[in-house]
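First comes the structure, then the notes that go with it.
Chain IDs A, B, C, D, E and F follow the sequence of writing; residue 1 opens each chain.
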Amino acid sequence: MAQQDRSPQEFTHVDETGAARMVDVAGKEATARSAVASGVVRTTAEVVSLLLRDDLPKGDALATARIAGVMAAKRTPDLVPLCHPIAISGVRVDLETARDRVRITATVRTTDRTGVEMEALTAVTGAGLALHDMIKAVDPAATLDDVRVERKEGGKTGTWVRETGAST
Amino acid sequence: MAQQDRSPQEFTHVDETGAARMVDVAGKEATARSAVASGVVRTTAEVVSLLLRDDLPKGDALATARIAGVMAAKRTPDLVPLCHPIAISGVRVDLETARDRVRITATVRTTDRTGVEMEALTAVTGAGLALHDMIKAVDPAATLDDVRVERKEGGKTGTWVRETGAST
Amino acid sequence: MAQQDRSPQEFTHVDETGAARMVDVAGKEATARSAVASGVVRTTAEVVSLLLRDDLPKGDALATARIAGVMAAKRTPDLVPLCHPIAISGVRVDLETARDRVRITATVRTTDRTGVEMEALTAVTGAGLALHDMIKAVDPAATLDDVRVERKEGGKTGTWVRETGAST
Amino acid sequence: MAQQDRSPQEFTHVDETGAARMVDVAGKEATARSAVASGVVRTTAEVVSLLLRDDLPKGDALATARIAGVMAAKRTPDLVPLCHPIAISGVRVDLETARDRVRITATVRTTDRTGVEMEALTAVTGAGLALHDMIKAVDPAATLDDVRVERKEGGKTGTWVRETGAST
Amino acid sequence: MAQQDRSPQEFTHVDETGAARMVDVAGKEATARSAVASGVVRTTAEVVSLLLRDDLPKGDALATARIAGVMAAKRTPDLVPLCHPIAISGVRVDLETARDRVRITATVRTTDRTGVEMEALTAVTGAGLALHDMIKAVDPAATLDDVRVERKEGGKTGTWVRETGAST
Amino acid sequence: MAQQDRSPQEFTHVDETGAARMVDVAGKEATARSAVASGVVRTTAEVVSLLLRDDLPKGDALATARIAGVMAAKRTPDLVPLCHPIAISGVRVDLETARDRVRITATVRTTDRTGVEMEALTAVTGAGLALHDMIKAVDPAATLDDVRVERKEGGKTGTWVRETGAST
């Protein structure tokens, strides 16, 4: 993968003595950046059918997950210890149901000094946890899988796109 | 699976009109309950080697993930819209490294009116997001997989244990 | 009004020197308590029509307000300086649309040492603010009115019900 | 009203499928913006007299409400699901007592990509909830009324001023 | 000191492998507990005089510090990674001004499974930080000193009282 | 001290009537700023020896304190009532153990409209509280001392450095 050429050989979140720190990004430029992350809640056909049946006027199950995802994106610096607080300029969380699963895709945008892939990943897990909470009485065995960055744009490193077939 | 016998056919988090609500648990007893959840961060051997190399005196990478997991468990009601605030009595987050992955296991205990599987799942995703944040510069393609409940105990429904081989 | 017979003549949230404090409720019993609060968002017929038109499959506007209300109830001790953290056992937020307004009703239950009217009021304002946010581009003049407790039950003071006709 | 000429006919917070989202404001300019919101706590003359009597050296009741309002403004993105996190540059909350009511006025300023009317409204409700909490033992029937934007300035849409007599 | 007889020789917050955890307190009884902590903001006589002059009707400086202390107590589990969420039943924060200093004393009560000394200490630092914030333009050299537990009562270990003369 | 020449004679956080407010900083420039704060946890030689013994591979005690400090810096506007939300660009928390004490030093950087000394002080108290929590079972008499700003740079007032010998 192309990005490996520029991969650091050390973690930037710990200093030379191994101590955790929030890396200073003051020297980076505030530019337009975006990230897309995704994940899959694997459950049963019965649950998906309930989710869709519920998706009648006022049916709030999928809406609850979307909103949980948007709100989780905003809580990223509270949850991820070494993440910077970021001026998120937009978030959308898309849910796509298949026979026995729900695919979650989150897109986050900013004009700030660091990327928003953690915000996108946090949105995906927030939506996934909310779905799990709602379906757990019917399917306690549901799993949240394949939480990953699909692409990110902007910043000095430019565009990164996941290689197809890299997983799942 | 045994639990299917007692599975409700409707989501309890939406009422008969489909409106989201926090289900009233006042009628449930405050009893000892626990839940274990797990997940896997799939990354590269290089990253695991950096995590372990980092695991020298003062190496904070794995500690950061453990603490992120414990703190995330406490934020569950802030993140999962319809979750009850719960008096968590204990949390532990275990990280086990393999060649190219880190397995996360979270155990949460309470003496309260509802189960703690959402807290355990939130702890796993919190630790997973923290790990992702630290390794993303080296491995932007890392994924968080198989986030799921392994077992829960206590409450009216008693013990539930994931069937082996059910996934992964 | 009946409740005036038992009204204290002093605020309990400030001590004899006038200093703010969180009153100690350790001596009160943990009993079943509930509170209902309501409020009205006054807007235009155009907005209500958009809210209802939106109330198609996947229309999230009203769901967003309901969820904002439930989540706000959980944030009450973070927002109201002298409120106790409370083990909320259930929350529901009902929205009823009329020609040019949306009536919000929130019901909160607990089994704890103090009442939940502040949680119910906070749920109403949370839902009201979320509605305002969504409709403000169409109707910047919308107002949130009549935010008030309708009834509360439980605890030493027992049931209190708002006198009809007391306002609006 | 003049602003109706430019009112959108659709909610921007839900997309064409009705799904909630945080609208992307990256394309908007970071400019000086301000908003003023107000509201009224209607209570009894007895309560206002206690508030004023309390307003002696160290009397914290009104201060508590002012501070609750300022802090609530900062929590706006945590409370209002689709609101952007905003770099608030200033907040003031003014309380004006009349015979049997307290008028709350909040002014919020920013230099950011979107307006601060939600922050101003949240400050008003935060102060109103704090007042309600302090006076509820004496006047459980108090109401929070007329929570509304009075004016907003800055941004592409420029100045908007509530028409006098539009409500109350 | 008497308490040394019962001091553990190991930290309970890390397990035998050194991993951080939130110790399980499910086995401990929910009993009445309290803790008193104190601290001192050392500043200049000029600042204390401004604080007192400000302590006129509507003078909010000391009130702001008291309220910050009460609210900080409620945020303890968000701030202190391995602290349990606790059902605080009461908090008071007292400020005593001397010539060139302000003494902060916080008293926290609960009926829960673990002590509240961390909540009392967090209240003291919350009030201290708020004071520092308000006086820093006049006295950037102010310090927060002697933040410590004065006494704690309740629980299996019973009453602990700081030996006089132990510090300051 | 040099800075006294430019010290205001009034608190800027309260207006002319004494009411608390968040001062408007919109007129200030967004420039690079930094602040260093420090503090000392005074405890026993036994505790420091446990902290260091614990500082083996996976020993999380000092890491927990560092991370608590970094995360506390991000919570500053939630804790300090009149503080502005700030775009922190970097935080580091250094812990230095001596025979019977741990010195905490926090460095915070930003490019924003106001200084970050409160963020640095909050990081120090966050780390100090986390240390206290971990050591309190062994040394309930531990104190957090000398929490103070060491230096700040940037902004209109430029560099301020604590005079040596000013305290401790």
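FYI, a contact is a pair of C-beta atoms (placed from the backbone, for glycine too) under 8 Å apart; a residue touches a chain by one contact, two chains touch by 3 or more.
Every value quoted in this text rests on a predicted model; they were computed, and no experiment measured them.
Novice: Give me the step distance from subunit A to subunit E, shortest route via touching chains only.
Specialist: So the least number of steps between the two chains is 2.
Novice: Can you check whether subunit D and subunit E touch via the same residue numbers (shared by over half) or via different ones?
Specialist: same
Novice: Could you work out how far subunit D has to rotate to sit on subunit F, using CA atoms and steps of 5 degrees?
Specialist: Going from subunit D to subunit F via C-alpha fit gives 120 degrees.
Novice: Have a look at A-F versus B-F and report the one with more C-beta pairs in contact.
Specialist: Spelling it out, more C-beta pairs touch across A-F than across the other pair.
Novice: Centre-to-centre on C-alpha atoms, which chain is most distant from subunit F?
Specialist: Comparing chain centres, C lies farthest from subunit F.
Novice: Can you give the whole-Å distance between the Cα centres of subunit A and subunit D?
Specialist: Chain centres of subunit A and subunit D, defined by C-alpha means, are spaced 31 Å apart.
Novice: What is the distance in Å between the mean C-alpha positions of subunit C and subunit D?
Specialist: 16
Novice: What are the residues of subunit D that contact at least two other chains?
Specialist: If we look for residues of subunit D contacting two or more partner chains, we find 19-20, 56-60, 63-64, 66-68, 71, 75, 78, 81-82, 85, 87.
Novice: Going by the touch definition at the top, which pairs of chains touch each other?
Specialist: A-B, A-C, A-D, A-F, B-C, B-E, B-F, C-D, C-E, D-E, D-F, E-F
Novice: Give every residue of subunit B touching subunit E within the complex, in rising order.
Specialist: By the definition above, subunit B touches subunit E via 32, 63, 66-67, 70-71, 73-75, 85-95, 109-111.
Novice: Looking at the complex, which residues from subunit B come into contact with subunit A?
Specialist: Per the touch definition, subunit B meets subunit A at residues 1, 3, 7-14, 17-20, 39, 42, 50, 54, 56-61, 63-64, 67-68, 71-72, 75, 78-83, 117-118, 121-122, 125-126, 128-130, 132-149, 152, 160, 162-163, 166-167.
Novice: So in the complex, the part of subunit D that touches subunit A is made up of which residues?
Specialist: 15, 19-26, 77-78, 81-82, 84-85, 87, 112-113
Novice: For a test of understanding, state which residues of subunit D touch subunit E in their complex under the given definition.
Specialist: Those residues of subunit D that touch subunit E are 55-60, 62-64, 66-68, 71.
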